[in-house]
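Quick notes on the structure that follows.
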């Protein structure tokens, strides 16, 4: 017998392997004109896997202290064999992952895949998005270069503006009153231990839920397909959909390699806490729309502080977004949600673009 | 028409296996192209010094008393001095006037910049000539037979 | 007159009055703070004055009695001297400031030769001859809000000296009778020395008094101005001394340094000053065919060659850097080539080709090395891109194979 078959039998005798894998074999993916959007979740997961692998590799050489962080990244870029590749892939994949996560979220929103029974899948997914942005924020500081230092300063300053708990929150994030080596240690701990632990838990929940409920069918097709089951077109997850997903992953790999070789991620200059902030500091693109909005809000709105209003508005928006499945009951609210989502996409796009060109 | 079908059905498994092998082979080669850099990455490079705020500037015995040597400190030169009193000192070797590299003059027992005759004492204080500011001082520790120079900076 | 009991009493009174202004009457400022123009002096103003802080009062210089509130405060009987005549100012200030025994009680390290220096200066000599337009002590130091020279608000703080001198020396109407130029301040403001002081904050940069002296202010003569420059510019002066220009300039009555670099409007020297083009300073004297012309051309070519070589290395290293390669070691070495260029520009003052060539050659050796390091970095970059290309080929191959395989297994509708 072929060795692979013998291994399978050995596992099956002990773990009931076939029984465990059975649901996977029966898993199907609906086919319709929006089916391509189904790849996004898998691509995001794949990019997360890339991050874990390259992140672990970087951990072998990175040193998380203010005195050595910058030099260790420089060392990785110049002395370690293929270190330039690992580091550039890590930085680029981080951005790509957040981008695909946003696309995945918006596609789920517009296709209303969060409808009953998948509300908790949506909630876990939104939490995953927040965690991913937390990864981005904490990881950005780790090279300890000028841009990262000041972006962190500005970002934690904004956190400090939250009413009542702002200052405590800021001190917690910074490990002190100012951004120092203590902040770097803390962000490193968040980035390699705390956030990975949380995200592993949430990914497991998210995937389990997706498995449990199967892939959702877009709302307009659901009644049609329920009435006429023979109209339903679907594809086996294994191996058909998976092969296509593999294609998407390889495209992502090619893109990452090309980016690493043609547009390597820069390092900049080492952070100097005593130097004045360079002009035009802005955060990474996924925070830019919020940052730009806060810049445009006037300092005072009536009696209230403008920045605080901005922060609270975004927090409220985030909360509503998180609870969208529970608010989307009637046809009217559904149209409202779709309209609001389109506005949000346009707003985010416009503000991000504006943030780039603004001084 | 009728005869073509069985031929197709017979040829199909062969073709499928061929494509399977092709796909497997491709996956293997691409996997190698990913794992090869990773394996090379895992091998520690020969140069272990990362630079940074601490550097090994020299070995004990390398310098005679009343002499100095230039060493690389990050992206700028540093000057390691062994005074006649047997004490090690380290300074930035970038002249504060127009950034020439300074040197130690054992005859004058001062640090001297050859470009415009700037003079500094052993603590880096600018004594005469054009330099407007002293040279940055570094901390020196001797560990075993290595002379460690570190920047005076807060973490 | 001052070094007796009277002074002691006045001092005690002055200190007491300074400490308890509300109680002790000072009729001088009581009236004079309300007067306008030259007569306007306030207590706030005088409290900033160094003499006021050390306990002197109006009466210390002007005489009179500040305790009397009527006109008898300014009576002859009270010793009132009124406005001190311009001609009498140096002697009045000197009566304390030239007495080491007296000044010791205030600041033992203060110099006490200002008056004797002043008397050797152009200002002092003219003043002794009866000219009242020349500067006296109070013109430069101020009078009722006089501050020590180390105070940045003082008129004689290094940052402010040039402006103080220019009050007269840049005023062409005031200076008309003296027939000397009045463009010095304007020229100085364009100079690299002024820039060093004002922009870089280097207080050791020369200002008017550095070269002309302060109390003994006199322009250095043609024969000696080079000595003044050589106080700081040691190497250039030494090289000039042993160069053919020293004898040539002396016999032509030309000042060293100033002939090529000017005296007040000393701008950042550029390589364009050297050489045989119309813009160079060399062609002011040298013409085609003479040895100097040849040397000028040689030096300029060599220095230009090194500069071009440095730029070439800089460009290739920047290209490597922007492609993501790390070339900090090469950059460090290129800095040494820049050092060699600086040294070569100093060697120019030998006005001979060989010393310049030595420096230039050492620089060119370095730039050759850094250039090849830059090329190596670009080769490494290309190697990486080739490696990527091969990986991409493998990836595309897999993608094509995936497509074909997927199509194959789904051929019979077995999705």
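We just call them A, B and C in the order they show up, numbering each chain from 1.
By definition in this document, a contact is a pair of C-beta atoms (placed from the backbone, for glycine too) under 8 Å apart; a residue touches a chain by one contact, two chains touch by 3 or more.
What you see is a predicted model; the values in this text were computed from it and never measured.
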item: Identity of the chain that, by mean CA position, is farthest from subunit A; value: C
item: Closest chain to global C-alpha mean, per-chain Cα centroids; value: B
item: Centre-of-Cα separation between subunit C and subunit A, whole angstrom; value: 56
item: Inter-centroid spacing, subunit C versus subunit B (mean Cα positions, whole Å); value: 38
item: Whole-Å gap separating subunit A and subunit B, where each centre is the average of the chain's CA atoms; value: 34
item: Multi-chain contact sites of subunit A, meaning residues that touch two or more partners; value: 74, 85, 250, 253
item: Sequence positions of subunit B contacting 2 or more other chains; value: 30, 34
item: Multi-partner residues of subunit C (each touching 2 or more other chains); value: 328, 391, 395, 398, 402, 405, 409
item: Residue ranges of subunit C touching subunit B (in the complex, touch as defined); value: 200, 202, 204, 232-235, 328-329, 331-332, 335-336, 338-339, 342-343, 346, 390-391, 394-395, 397-398, 401-402, 404-405, 408-409, 411
item: Touching residues on subunit A, where the partner in the complex is subunit C; value: 31, 74, 77-78, 84-85, 88, 234-236, 239-240, 243-244, 246-247, 250-251, 253-254, 257-258, 260-266
item: Footprint of subunit B on subunit A - complex, ascending; value: 53, 57, 60, 63, 65-68, 70-72, 74-75, 79-83, 85-86, 180-182, 250, 253, 273
item: Contact footprint of subunit A on subunit C as seen in their complex; value: 323-324, 326, 328, 384-385, 387-388, 391-392, 395-396, 398-399, 402-403, 405-406, 409-410, 415
item: Residues of subunit B that touch subunit A when the two form their complex; value: 30, 34, 37-38, 40-43, 45, 47, 50-54, 74, 151, 153-155
